[in-house]
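Please find the structures below.
Same chain, two partners: chain A is paired with chain B first, then with chain C.
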Partner chain A sequence: MSKQRAAVIGVGQTKYASTRGDVSMAGLVREAAYRALEMAEKTWAEIDAVVIGKAPDFFEGVMMPEVYLAEALGCVGKPILRVHTAGSVGGSTACVATSLVQAGIHGTVLTLGFEKQSESNAMWALSLPSPFTTSINAGAGGYFSPIIRRYMAFSGAPELIGCMVALKDRQHALNNPYAHVRDKELTFDKVVESQMLWDPIRYSETCPSSDGACAMVLASEDVAEAHDGAVAWVHGTAMRSEANNYGGRNVVSPKASEDCAADVFAQAGITNPRKDIDAVEMYVPFSWYEPMWLESLGFAEVGEGWKMVESGATKFEGGDLPVNCSGGVLSSNPIGASGMIRFAEAALQVMGEAGDHQVDGAKKAFGHAYGGGAQYYAMWVVGSEKN
Partner chain B sequence: MGYQQDPKVKPAGLSGEVSLPAALADVELVQAVRTPAAIDYIATPGASLSAYLRGMKQKKILGDVCPVTGQVFCPPRGVSPVSGQRTTEMVEVADQGYVESFNVTRLPIKSRPDLKPPYVSAWVVPDGSSTGSIALVAGIEPEEVRMGMRVKAVWKPDDELEESAANILHWEPTGEPDVVLEDLRVIGNPDGTAGGAQ
Partner chain C sequence: MVEDSTSDVLRAPLTLEYPFTRTTGPVVGGFLTGLREGMVLGAKRADGTVMCPPLEYDPITSDAITELVEIGQSGTVTTWTWNGEPRKQQPFGQPFAWAMITLDGADTPMLHGVFVEGPDDMSTGMRVTVQWREEREGHIADIAGFVPEGQE
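So, the complex of A and B:
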């Protein structure tokens, strides 16, 4: 089964903020799409299809918003399709858009993820009572806290590793003008002293609620070669899923996560991820997920991801494997876009277009998203050269 | 170098004047729409969950058995998440078990105003079940809850029992020695043997 090459030729993001009250949902997606088209030097007429993703409709209470957003995305009369995979949706949406190019179906595809959390209530939309069960959970933090507690006990990591990740990503965000949380005054002590919400998760170790959209233009080899600007070649994409509750489930490093990483690295010909990857954009909505994913994805030995955090290996400045140079999900979280931002920021790194958070000479970058009860995974590897 | 634009500057294509039909000339621009949504369910529990709910009225906890692996799932859904097969056999599991891991919630939650923070939500695996579910643990200070702690169900008074999972008010410590968790990354029991009973 041979695939055709696909590449990113345009990336567009909105400013992420708790409330983008200056634009409607349609205005929000159009802003990101326009920026992606500008970078790709394409017009609406040159887009063959649109692939869009967001969190479940219950968030904003707008049913099937992709239908009413077709005009805002210049897509009337063209194929538009929506991808649903919980929090990983931004990543899966990019994978599906890429597959349309790789399959030779379309030459130029616009893909976009968005969320308008200010018109929504994500925490409670994620804690809807199910019929016939008792409901005591308080949002995603309540779900992930016991898993993080397990990782902390398993690895013997020092108690404040999560706070180190939180401070690092917020400091990275200061280099990204699009980031939502940009707090120059934040210190390690302030992170440590912030309120415990879902013990052991502190307020400052959790992601914000953001409005925003992120878009990419994906192109076939012919279209990408004809493009004058920077290009990020897709070296591999992978998706996996698994049930969230069965006996013997490795909750710290789910099998679907390990399988997905093995697949995408094999496609990209990567045998030593830590050495071969120059920049990582990883889905870290709660700080402790950085060391957990470093292990699960093969960047660190099992039980030792926290040592990379402690040593500064994942910092933008001085780290050998910079993680979330954009500030990550901890600094901007428009849920439906959050996965696509990881993929797009990975692309910007190998395009040399990441601005003040550019990793010098980045040749290969990794984008990652997960969702549900750590059940859905989407990943890609992009490179500055063809694979 | 650097495509990164000033995010406060609108893209060129959006910076022009918007021309509206005359009929819309005086209409206020829509910039946000908040749409509170509610869904009323008419839900049918199905065979497995119906049996489970009837069992709850008798203070019995029932689980499904996976026909392929023998794993016991509680509460039951009529299907095994490991094999994808329909389940046909149900077994009773104990109203005692152990805590796999836990969360201490320190903020109030809307759906349960009766719960005063801090409170402990834990994965409780009943003896005889391969998996756990999230349950309230009380009767102990949050700081004293442990992974592997043995717990038992505290039921509503007999004359208040309904066909409802809410018959279990919470779980509380039994005072027995803790269960030793062999691999801290893994939850539940992969085979059909009784979970945590030691």
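So, the complex of A and C:
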């Protein structure tokens, strides 16, 4: 199956904040889309199609954003598609947009993810009761904390590894002007002393609730080669899903996660992910998911991911595999956009456009998103050169 | 083995409610603020035409709307239908006409209710005027409805 090449030629983000009371949802998406078009040096008329993603409808109470947002996203007279895959939606949306270019259907596609958490309550939306099962009503943290405990038990990870990840990502966020949580005063002790919310997840080890949007312009090889600015070539995309309510699944490292990573690395010709990848943007809404995903994705041996964290290997400064140089989901979490931000930040790294959090000479970067009860996955590898 | 007896299949009620909020942004927010003050504002497009109610982005060119202008509080019915038996979820308790009304100074029509005795009092091309609610809060319902011009 031969695909045509696709590349990112524009990235646009809003400032992430707890409340963007100055703009409607249309104004929010417009801001990100406009910035992506500016970087891509494209006008609305040059966009062939629009692919958008947002968190599940209950999160904001907007059932058909693709209808409401058509004029704000310049898609009058063009196809607009919406992708649904819970928290991984930003990544899946980018993969679908890329596929439209790879299939030769469109030459220039605008893709965008967004969320206005200030207008809703994700905890409520994640805790909807079902009449036939016992509801723990604990949101995402309550769902994932026992899985983290399971990881800690089998790996023998020291109790405070999660706090190290949290401090690292929050310090990384200080280099990213778009990041929501930027706390210069945060220390390791403050992370450790922050309130325990869902044991072992402390307040400072969990993601914020953010408003924000992230957009990218994806282009065919012809369009990308004609573009004067920086380009990130897509070396591979992959998506996987698996059953959620199945007691037999490996919840710490779901098979869909392992298969998705193996697929995307194979497409990109990557045999040693830790050595071959220069920057990682990984979906880590709770600190402990960094070591867990490092193992599941193949960056570390099983049971060894926490040692990479402990050694500082995943730090922006001095690490050999910098993870979440943007500050990650732990510093900004507009849920419907969070996956796309990972993909976009990976692209910015290989474009050399990541500003103060640029990894020197990054040639290949990895973007990752997961969603639902850790049963949806979307990943891509992007490079500064064609693959 | 599952028995084929649909009468035994269980059902349970499931009621989900959440009070979402909406941020209006500068254009729609400006329109709603105008209603609170007893003014009707329209969105001026690059070609000089005016949309009321306003949209934030031009529905043809996708340009951002940057100018709101005050328009008239009377206008012309461009089409209508009679609702003789309103349901309780509908915005008006009495029989009324749903009408598309192009206000003076606007180029696009607004959907609202016209209050008359019966359908014989309605006609396309008739002139109608805003009837304001006494206590206004910045909501489309600040316009209580429309009445024939001269009967306000």
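Assume the second predicted complex is superposed on the first by the 384 of 387 C-alpha atoms of A that agree within 3 Å, B and C clash if a C-alpha of one lies under 4 Å from a C-alpha of the other, contacts with A are read in each partner's own complex, and residues count from 1 in each chain.
To be clear about the criterion, a residue touches a chain if its C-beta (ideal position, glycine included) is under 8 Å from a C-beta of that chain, and two chains touch if they have at least 3 such contacts.
Quick caveat: nothing in here was measured; it's all calculated off a predicted structure.
Partners chain B and chain C, once the complexes are superposed on chain A, run into each other and clash. When the shared chain is aligned, chain B comes close enough to touch A:35, but chain C does not. Comparing chain B with chain C, the partner in contact with more residues of chain A is B. Contact with chain B, but none with chain C, is seen for A:145 once the two complexes are overlaid on the shared chain. In the overlay built on the shared chain, the residue A:372 is in contact with neither chain B nor chain C.
Contact with both chain B and chain C is seen for A:131 once the two complexes are overlaid on the shared chain. Within the superposed three-chain model, A:58 lies in touch with chain B and with chain C [touch as defined at top]. In the superposition on chain A, A:158 makes contact with neither chain B nor chain C.
Judged by the touch definition given at the top, the superposed model places A:14 against chain B, while chain C stays out of reach.
On chain A, the surface touched by chain B in one complex and the surface touched by chain C in the other have residues 21-25, 27, 30, 58, 60-61, 116, 118-119, 124, 129, 131-132 in common. Every residue of chain C that touches chain A in the complex is listed here, in rising order: 10, 12-14, 16, 18, 20-26, 28-29, 55-62, 64.
Chain B makes touch with chain A in their complex at residues 1-8, 10-14, 29-37, 39, 41, 43, 45, 49, 53, 71-73, 75, 81-82, 100-107, 109-112, 115, 118-119, 121-123, 130-136, 142, 147, 164-166, 168, 183-191, 195. The touching residues of chain A, counted against chain B in their complex, run 11-15, 19, 21-25, 27, 30-31, 34-35, 37-39, 58, 60-62, 116, 118-119, 124, 127, 129, 131-138, 141-143, 145-147, 149-151, 153-154, 177-178, 195-199, 229-230, 243, 245-253, 348, 351-356, 358. Taken together, the chain A residues at the contact with chain C in this complex read 20-27, 30, 44, 58, 60-61, 71-76, 116, 118-121, 124-125, 128-132.
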